[in-house]
Every structure is written in C-alpha cells, then in structure tokens.
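So, here come the structures, one by one.
Both of the next two complexes hold chain A, though its partner changes from chain B to chain C.
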Partner chain A sequence: MILDYILRRLGLLFFMVLLLSIFTFSLSYLFPGDVLSNLSGVSNTNFAQSALLEEKYRVNSNYFIQYIAFLDRILQGDWGVSFASGDSVFKHILDLIPATLELSIYALLISVVVGVPLGILASAYYKRWPDKLISSTAIVGYSMPIFWLALLLIMVFSLKLGWFPMSGRVSLLYEIPASTGFILVDILLADFPYNGMAMLDALHHLTLPTIVLAMYPTTVLVRFTRESMLKVMDQSYIKTARAKGLNRGQLIIHHALRNALLPVIKQIGLQFSTLITLAMITEVIFSWPGIGRWLIDSIYQRDYPAIQGGLMAVSLFIIIATIMAELTYTLLDPLSRNQAHGKV
Partner chain B sequence: MAKFNLFSEDANKSPLARLWRKFKNNHPALVGLWVFIAFCILAATAPFLAPYGVNQQHSDALLLPPSWNEMGDVRFILGTDDLGRDVLSRLMNGATYTFGLSVVAALITTMIGVLVGTFAGISKGLRASFLNHLLDVTLSIPSLLLAIIIIAILGPGLMNTVWAIILALLPQFIHSIRNLIVDELGKDYVTAYRLDGASNWHILSRGIFPNVYEYIVVIFTMALSTAILDIAALGFLKLGAQPPTTEWGAILAENLGLIYLAPWTVALPGVLLFLAVLSTNLVGDGLRKVLQARKAD
Partner chain C sequence: MHKLLLALLSLSLFGCIDSKEEILEEKSQGLVYCAEANPVSFNPQVTTTGSTIDIIANQLYDRLISIDPVTAQFKSELATDWKISKDGKSVTFTLRKGVKFHTTAYFTPTREFNADDVIFTFSRLFDVYNPYHFVGDANYPYFQSVGLDQLIRKIVRVSDHQVRFELFNPESSFLANMATDFAVVLSKEYAMALKANNQENLFDQYPVGTGPFIYKEYRRDHLVRFYKNPDYWKHEVALEQLVYDITPNGTTRIAKILTKECDVTAHPSSAQLSILAQREDINVEKETNLNIGYWAFNTERPPFDNLKVRQALVHAIDVDKIMQAVYYGNGLRAQSMLPPTSWAFEPQKNMPTFDPQLAKKLLTEAGFPKGFNMSIWAMPVSRIYNPNARKMAELMQSDLSKIGVKVNIVEYEWNTFIQRIGEHRHDSVLLGWAADTPDPDNFFSPLLSCTATFSGKNPANWCNPEFDLLLTKALDTTDLNLRKQYYDAAQSMIIDQLPLYPIAHGMRFQASSAEVEGITLGPFGAISLANARKK
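Presenting the complex of A and B:
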C-alpha cells in the first residue's frame, strides 16, 4: 500500500524531471542566437573547433539524438560553459547553491518557529483581540512587496541606525575558506583566532536578508495554520470532547493540534519553492552571492547556457523538495494515501 | 449532521443581496473595496487627473521633499525626483501600468483559465491524467520564476512581462477552476440533472456556473494580487517595464540610487504598491469569508 504510493510518487518525479529536461533542452532553440553556442557556451569558434563541437553536440542529427546526447552530458556534469565567465556552468552552480540554500533554510526555520505557534494562538483566541491582532498583521505582511520591505529595513536599520550591514555574507576582513559553502558551517570548520568574531559578523550579515525572506512564508503559515485549526475545531469530535468537560487547553493540545498540523506540514514543504523564488529578489537587493543573483545577472548578460543551467538546478531542487514534502505528509497521514491520482 | 433552517423573513433575499449584506458588515473588506475601486478609477483616468506630465521636468525644483516638509513646495505635493519630475504625477500614472495592466492580465488569465479548467474538470481518463500531470509540473514552479523564464526567452519589456505573467498565472488558475468543477460535478443536484437527460453543456451553463462564479471572483482576486506583485517585482529587477515608464516597480528601481538623498522617491511607490495589493487581498479574503458564512446559514 505505502510502497505502491511511493512508487507512484517516484514515477511522477521521473515524469516531471523528464519534462523539465525536455523543456531545458528546447530552450537552446527558443533562445535567440546560434543553437550550437547556446548549447555549449562557446562562441567565436574557428572552423576546426566548431566541427569538433558539432560532433560532440550532434547538432546535425535529429532532435531525438541531440536530446539523448544532451541528457548524457547533463548526467556527466558537463553543463556547458558560461558566456560571461568562460567557466563551467556546473561548477558555478555548485559554488553558488549552498549560499541560497543556507538563506532559504534559515528563513524557513524562522517562519515555522514563528508562524505556526502564532497561527495556533490566533485560532485559540478566535475573534478576540489576539486573533484580530495576529490576523491583521499577517494580512499586512502578506501584502507587502518583498523588495519594498527589504528597502525599508535597509533604510531604517542600515542607513539610519547602522545596526546591520546591507550587503554580502561576511566582512571582507575575514577570509573564510569555502569547504561546504554554508558560511556558518565554514566558519566553525575554519581554524583561526578570530572565529567568534567572524561568526558574529556573519550572523549580522544574515539578519536582514533572513527577516525579509521569512516574512512571506511566515504570514502564509500563520493564515494557513489558523484556518486549519478553525476547521478542525468545528468538527463533531471536538464538540464531543468538549461535552465530556475538557477545557480549551486540553482540547487544543490533545485533540485538535495533531489533526490540524498535518496539512500544515504539507504547506511547509510547498513554501520551499516560493522561498527559492523570493530568495532571488532578496539576493539581488542584499548582494548575496547565491544562485538567484547569478541567474538574474545571466539574464541581463544574455548568458544563455548559464540561464539554462540555473533554471534546471533551481527547478530540480523545487521539484524534489515538493515531492519530499508530499511523501513526508503521506507517511504521517494514512488518509491521504487513497487519493493519490492527479492531485497536488 | 442535519441542521434546521428557519427562515424568519417572509421574503427571502436573493443570494447576491445576502452576500452584499454580509460583506457590508465586514468593515476592513469594505474599506478594501473602496480603495480597490479608487485604484480602478485612477488607473483609467490618471493622465487627465495628474497635475503635470509624466516626463515634464522642472529644472528649478530638483529633489524637492514632499510638501509637508519644511523644504517642500506646495506645487509638488509629494516632491520631485532627481530630474525635477513631479512624483505625484508619476505615481498616479503608474497606477495605469502596475494596477491596470495587472487587472487586464488577471482578466485574460480568468478567461483562458475558466475555459481550460472546465475542460480539465469534465474530461476523464488518459486526457485528464495527462493534463493533471502537466499541471503538477508547472504548479511546483512558482509564478515569478516561470515569468522570469518566459522573460528570458522573450526579452525584457513591459508587454512581454504581461504575457509572461498571464502564462505564469495560468497553471494555478486552471488547477483551482478544475477543483471547483470536479467538486460541483460530484454533487447530487448534478446527478439529478444528468438523469433528466441534460447534456454536458447544459449542466455547465445552467447548473455549475451559477453556483461557482462567486468562487471564480475569489480566485480572480488572488491572481490579481499575484499579478501586481509580479509585475512590480519584474519591473524592480529591470526585467519588466523599462524607465522612463512609470510602472511602480520600475520607479523604485530607478530611484534606488537616491535612497540616501531622497528616501521619499523610494518609499512612496512602495506604499502605493502595498495599498494596491492589500486592498485586493482584503476584498478577496472578505469575499471568501462571506461565501463561507452564507453557506453555513
């Protein structure tokens, strides 16, 4: 039963990755410019070089053979070279993605730690002042354009008060050797005398981008948790429990919470895709050296191999995260396994 | 559990009248509606209402702060930017681009989305399965990222942004409409209608649409708030509207260098953007709540 479900989800994952790869492949034809240079990232070739490239990318064969050759190269980690830097796109992505993941994971953690309890609190005091306060704050945060929020925070905390820096990951004074790419982990691993200060500095740099990035998912989680709790609290078994004489706290903790938090877990997983997109904007504003900023820069520079590689990496991450979230949800909630067909 | 409904009034009000009466009592939503209507009017008439031209430069008044500041001038209520252009006029005209184009984009999305979503809802078997899997793929990619991909193919520009946003909003929209239709199709009255010999077209036009159109409006408001945020975000990233177009996100990006000297040129477009999205969300939220309440009584 559960194995069947997992297999079906894996089938869906395979199907999605297949479609994604076909789409990425077709981008080299959709983008303006020469197909061969879009695929390889090598422009201005002489005759011998282009003959070699044609052989390697099989551009003279039919589309299917080309696509197979493309898949083969992707699996081997040969994603072409960037127009702008001339370096391997795959290496760029490997270097940059930890920075984005780090920011997104911290933001997701904060939004779960803040958002879910606030949502529960709002539903516990339904239609009283804590609920009104939390709900109205949530809708304000939900409607706030993320770049404007970032600029407001920069205006207040960086320019006026000078509490937090407005760009980068760590002060240039500290030279952190990149081993994992996660700055906090790298600082812990690095062995030099000013470790504590470097850590503090990195945390200072992290504060504003994390708050900005966490704002939207937090408000979504507050609203979602509240709705979910209210829906559960309206059910008959809660009324029965109340009739048996349980007080509000017992009701919420022992009866409502477990059932209400199940859909929230799924929602947390779905937030990851939104986070990665919002991280792109946040990275541009805070000059955070992640994959989002690199991707946007690639669009400015018409760096087609880089755009393709970046899109594929980001989408792959999002698809895998979504499927993982669904699997976790299903493992926790047996009821949802029955309706697996064609649902999101 | 069955509930008893006692109708205390002799004349039952129509569903729409009941909807409006409930909506009126939700004050934040009502305020949201007024602001929303104001934005619609502004978007349609901004060029006539604005005191100055969009690109009219006043070389005697560069970087004037808003008029309530000591340094301000009452001729320029919200101050001027570094080229001496009136901020108020530019912001008013921005409503046409950011808000107006978002409404247009959301309307087009609604039309296509309702068509395709209905089709997905009534189709069965392999076709439905294929459509749903395709939706799964595109749904997991956020609309902004999808829009950025489309911009990467089409190239930056305001009209390309609109197309990109329409295409990016569609999967979510189709999915919601499909779920609505599938839910309605499972209800008893549809079965009864079908037993009477009604065709698919009859069921859709007489049975389902009168029951779901209010929900479609709710989905429309959600699409609209996403569209506003996406148009502005793309403008801000310099992938959408290009200066000197007065799109709010583009104005923000253009004045980013003045954030130290003239913070109002950065703060004010954001305020309008925020108000536009907030009012849309308030109306959508209020409507959803009212629909739930009407169902309950």
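Presenting the complex of A and C:
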C-alpha cells in the first residue's frame, strides 16, 4: 500500500523533472544570442573550438538528439560555464546552495519553534485578548513585504543602533575554509584560536536575515495552527471529552494536538518552496552569498548559462523538497494514502 | 509575537555584546576596504580598469620608479638610480639589492629580484619570443595605447643589477610611462616554474610580486584577501591582513562604513557625503584629481561619423544642470580635455554651449530634421570622473528628446561593459579617464590615438592621423614650450572634431573610519594601502 503510494509520487517526480528539463533545454533557443554559446557558455570561439563544441553539443542534429545530449551532460554534472566568471556553472551552484539552504533551514526552524506554539496559544484563548493580539500581529506580519521589513530592520538595528551587521555571513577578516559551505559547521570544523569569536560573529550576521526570512512562514504557521486547532476542538470527540470533565489543558495536550498538528506538518513542508523564493530577496538585500543573489546578478549580467543552470537547480530542489514533505506527511497520516490521484 | 521574537533576540544579543571588545581586538590587525568592482586580472600589465588597478597595483607590486605626487619628480623604487644617455635613446636602471619576491602557497622564490625579472617583465610586452607574450592574447592595453611596445628596441642585461632599455627614438614620456601603475615588475622565476607545468594561463590570476601584501584568495563577487608581506623591502607593514569587500552598490558601501563593516570605502557618492561628514567616527577626504569625464561617440558608426550630428548632440546638452545634479558642486566643468591642474592645460574658446536652437539647426543640416534613435551606454559603477553615469544619461535623454533624438540607456555589469565598449558595440558612451601620470600625453595617447583604437581602448573609435602626428611630435621633444604648443593644438582639435565631449573633472573622495590612518589620496594613479594602519 505505502509502496504503491511512494511509486506514484516518484512517477510524478519523474514527469515534473522531465518537463523542467525540456523547459531548461529550450531556454538556450529562447535566449537571445548564439545557441551554441548559450548552451556551453563559451563565447568568442575560434574555428577549431566551435567545431569541437558543435560536435559535443550536437547542434547540427535534430532537437531530440540535442535534448538527449543535453540530458547526458546534465547527469554528468557538465552544466556549461558561466559567461561572467568562466567557471563551471555546476561548481558555482554546489558552492552557493549551502548558504541558501542554511539560511532557509534556520528560518524554517525559527518559524516552527515560534509559529506553532503561538498558534496553539491563540486557539486556546479563542476570541480573548491573547488570540486577538497574536492574530492581528500575524496579519500585519503576513501582509508586510519582506524587502520592506528587511530595509526597516537594517535602518533601525544596523544603521541607527549599530547592533547587527547588514551584509555577509561572517566578518571578512575571519578566514574560514569552506569545507561544507554551511558557515556554522565550517567554523566548528575549522581549527583556529578565534573559533568562539568567529561563531558569535557569524550568529550576529545571521540574526537579521533569519528574522526577515522567518517572518512570512511564521505568520502562516500561526494562522494555520490556530485554524486547525479550532477545527479539531469543534469536533464531537472533543466535546465528549469535555463533557466527561477534562480541563482545557488536558484536552489540548492529550486529545486535540496530535490531530491538529498533522496538517501543520504538511504545511511546514510546503513552506519550503516559498521560503527559497523569499530567500532570494533576502540574499540580495543582505548580500548573503547564496544562489539567489548569484541568480539575480546573472540576470543583470545576461549570463545565460548561469541563469539556465540556476533556474534548473532551484526548481529541482523545490520539487524534491515538496515531494519529500508530502511523503513524510503520508507516513505520519495513513488516511491520506488512500487518495487515488497525486497532488502537490 | 514580534515582542517575543525581539526579546529572544535581545537575549542572544547581550551575550554577544560582552565579547565585542575581544572581537575588535582580534580584528584590529586587519583592514576591510569596500571596493566597487571585481578585479578583472591580477596583473596590471593586462588591464587599464581603474577599479582593478586600485586593488592590485600598489598592494602586490612595485615599479622601478614612481612619481612623487607633490613635487612631480621621479622617485626611486625598485631602481635606485637611472641614467638617460645623451641622445635620449637608452636608459640605464640600477636595481635595488636584497628585494624578495612573495612566498605564497603556489610559489617559493629561491633567489632575490634581479635584472632577469625586469627583462622578462618588459619584454613580454613586445618580444614575440618571450614565452608569455601571447598568453592572454598579447593584449597589453596601456602599453599598446601609448606605443611603448613599439618604442623599446631591446632590453640589455648590463649586470645582475643593471639593465639598459634601448629605444628606437627618444620619447619624453618614457620615464613617466615606466612610473605608471601598469609598469610593475613580475617574477621571472615564477613564470618559468608555471611554464614548466604548462600552466601559463595561471600567471595573471595568481600573482607574485614584491609589494607590501601577498595574495591569499579571491572569490568573485565576494572578496579579495591579501596578507602582509613580512619581508617587504621598504618598511614594516602595519596591517596583518587586507580584505577587499566587493560591493558594487554605492549606497551599500556608505551603509557598510556606517555599520563598521568596512574601514575604508572607495568612491562614496557625493550626494551622500553630507551624511558621512556629520559623523565624528568617519573621515571624508577630498582631493583634486587629474581626470576627465566625457561623452564619447562611436565615430565609425553612422550617423555619428558626421561631425554636424556630433555638434548638434553636444549643443543640446545642458552641462550646468549635470554639474548640479550629478556632481553636487564637487566637480569642475571641463573647459578642455585636460584638467586645469595639468601644465599643458589651455581653456578652449569654442567649447560648445547649451543651445537647443542651434542643435536643431545643425541636425536639420545634417539631414535629420526629425531626429533619430540612439543609445547612450552608462557606466554601472561610480567613478571619480563620473559619480553617477545613469543619472547623467537620464538628464541627457531628456535634453536630447527636445531636439527629437530618442535615447535608449544601456547598462551592463562593469567588466562586461568595458569589454563590449572595447568591441565598439555602442553608439555613444559616458565614460572617463583618471590619469596615471601627470604627463599630458596620458590624456591623449591611451584614449584617442589610432593604436588605442586597435587595442579597444579608444571609446570614440576615432583614428585621426593628423591628431596622432601632433601626439608623436609632442613626445619627440623634451622642450616644454614646444610640447605645450602641440598639446594646445591637440586640445583644440578634440573640441573641433568632437570625437568625444569633455564634460567635467571630478574630485576624488574617500571615506574611512577614524581609526584608520596612513592612506593618502594622490592627484593621479591608484590608491596605496602600504602605510595604512589602525589606531
């Protein structure tokens, strides 16, 4: 049963990735400029070089053969070279994605730790002042564009008060070798006398971007948890329990919570894709050296191979993350496995 | 919920503040300089991009001689002495002893600096038998545009510490060119070690010099890291570490100096200087500088090959408005190609005035009564000679629309921009030039000579043999009065022919934290951080 379900999801994954790869491949033709240089990232070639590239990229064969050659290269990690830097696009992505992931994971953690308890609190005091306070603040946070919030925080906490830095992951004077790409892990792994200070400095740098990025998913989780709790609390088995004389604390902790949190878990997974999108904006504002900032720089520099590779990496990542979240949810909630059709 | 967040935050914050002093102590040995663009190379021979030269030239390398910014006399650097023969055709340099090249992760020198290094460095520019001549497509833009590669006949090794440059003809600007930031000395031993491994292409990316700092790492769009050279021959270097934080956005650079993420920032925009000037912990320096911001036309591309069209366009521009809105009173309106501080400066009487009526008339005479469409390429970065090219282009756009010329503003990332201008893909461009030497030739040969056209450095794509002759004549003599006459003629020829329209001379600004001292701005050339220290 569960195996069947997983297979169905994997099938869906396969077709999504197929469509994505076709789209990415066609970008080389849709972008302005020479197809060969859009594909390879090599421009200003001499005759011998372009003959070699034509052979490698099969541009003289039909589209299908070209597409197969394209898939082959993608699987081998040959994503072309960036116009701007002349380095491999794949290597750029591998170097940059940890920074984005790191930021997103911390933001997601914060939003779960803060958002879910607040949502429960709001539902417990339904229509009383804690609920009103939490719900209205959540609405404000939900409606606030994050670039505006980011600039506001920078203005107050960086420029006015000078508490937090406004750019980067760690003071540039700390030379931290990038072994995993996750800055906190790298600092732990690195072996030098000022380890502790570098750690504090990195946390300092993390604070503002994490808050900014966590804002939206936190408010979503607050609202979602609250609604879900209210729905469960309204069901007859809760009423029965209450009639039996259980107090509200017992009710929530022993009976309502488990059922109410199931959809929340699914929601957390779905937030990941929004998070990556928002991370791009956050990265640009805080000069965070992640994939989003690189992608936007590449657009500005008309670096087509980089745009192509970056888009594919990010979308691939989101598709996989979403499906993983769905799978986790299904493992926890047997009822949902009976759906005949997949949905994302 | 926000309150809770903030409370959590401030908790973690206080934990950090306790240790802030320790952090500062650890950091005080290093300096962060906010630079405006990625370096395009680590060898000054192969580029003229000011933002790159500022980072690499004076930090990693030394030259044979330099020019004192105050007295304008030549000063000894790696050469302790130099003699020019009577006929002016050979120059003998005596080299300094005991100078060591950098020991880096990729190279360990076994010998000290000597004549071989000088010969290798300069023969690369012109000698096809030099194994590095063709590395990087034999492109040496500065030297080619001033014709140095055509000037040197050969370089003779007199002894271990003496070299003689033999020239085809005496040229008055030879020593001045040898004192520019581009004429640095490279290590022959390092070059040969790379050649032995067939890694010649790494030579211009992983530098080995004799300068005050040693290359450590470069991450594109992020940083350049140098460490102190413990064996620097000139003096003890105070900074342990020097980091360039690459921040293309001017406002971000200002913000970073306010938050102390940068100790020094290049080219703060003059619009925001008043904010910085109010702060006691930030020093703003201002220095007149030999430079020119101009509007160049691609004179090979119709309709800009027509002088009448160029004149019409120029008469349509209200420069006074530009001076206010772009330079904020911190610039000098150009009266010639040369800035007034140059000894050859001569204010031009027929400098075009703002006259839309005349512009319209000229345009009609040229056969475009209804105007046409054109592009203005605006630099994406702030430079001394033009703090905000985008804004300038917008002002010009509105001025030109009044005579029926529709302007499309084009922008690219800086290094791409320079490259495409070199390929002459533009209609017109807002660009400029900051001098490397006080010699007036530095404003003409690198920009408007025919050789500069070939090496892609002539933004006007303008090759006029008559003009080139004037420059050659000026270089062939050492008589200052005669040279001034030739440069007068050259200046008026530019205004008559208008391959480019000189707009303004900018001031050089630098903002630094009050803790930093020992960085001086010069009237020409790249910035040097050799003497920088933190209090």
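By our rule, the second predicted complex is superposed on the first by the 342 of 344 C-alpha atoms of A that agree within 3 Å, B and C clash if a C-alpha of one lies under 4 Å from a C-alpha of the other, contacts with A are read in each partner's own complex, and residues count from 1 in each chain.
Keep this in mind: a residue touches a chain if its C-beta (ideal position, glycine included) is under 8 Å from a C-beta of that chain, and two chains touch if they have at least 3 such contacts.
All values derive from a computational prediction rather than experimental measurement.
By the document's definition of touching, of the two partners only chain B reaches A:Thr322; chain C does not. Touch criterion not met for A:Gln250: it reaches neither chain B nor chain C. Of the two partner chains placed around the shared chain by superposition, chain C is the only one that A:Glu175 touches, whereas chain B remains out of contact.
When the two structures are aligned on the shared chain, A:Tyr300 is found in touch with chain B and with chain C. Of the two partner chains, chain B is the only one that A:Pro145 touches; chain C does not reach it.
In the superposition on chain A, A:Ser50 makes contact with neither chain B nor chain C. In the superposition on chain A, contact of A:Thr277 is made with chain B only, not with chain C.
Using the contact criterion defined above for the overlaid structures, shared-chain residue A:Asp201 touches chain C, although it does not reach chain B.
When the two complexes are overlaid on their common chain A, residue A:Thr137 makes contact with chain C while staying clear of chain B.
Touched by chain B in one complex and by chain C in the other are residues 154, 159, 300 of chain A. Only residues 84-85, 87, 114, 118, 134, 137-138, 141, 154, 158-159, 162-163, 165-168, 171-173, 175, 194, 196-197, 200-201, 203-204, 207, 211, 218, 222, 287, 289, 293-294, 297, 300-302 of chain A touch chain C when the two sit together in their complex. The touching residues of chain B, counted against chain A in their complex, run 1, 28, 128-129, 132-137, 139-142, 144-145, 148-149, 151-153, 155-156, 175, 225, 229, 232-233, 236-239, 249, 252, 256, 259-260, 263, 266-267, 270, 273-274, 277-278, 280-282, 285.
Listing the residues of chain A that touch chain B in their complex gives 12, 15-16, 19-20, 27, 30-32, 136, 139-140, 142-148, 151-152, 154-155, 159, 236, 273-274, 276-278, 280-281, 284, 295-296, 299-300, 307, 311, 314-315, 318-319, 322, 341-344. Residues 1-2, 4-5, 9, 12-13, 15-16, 19, 22-23, 26-27, 30, 32, 216-217, 220-223, 225, 241, 243, 245, 247, 252, 255-256, 258-261, 412-413, 415-416 of chain C touch chain A in their complex.
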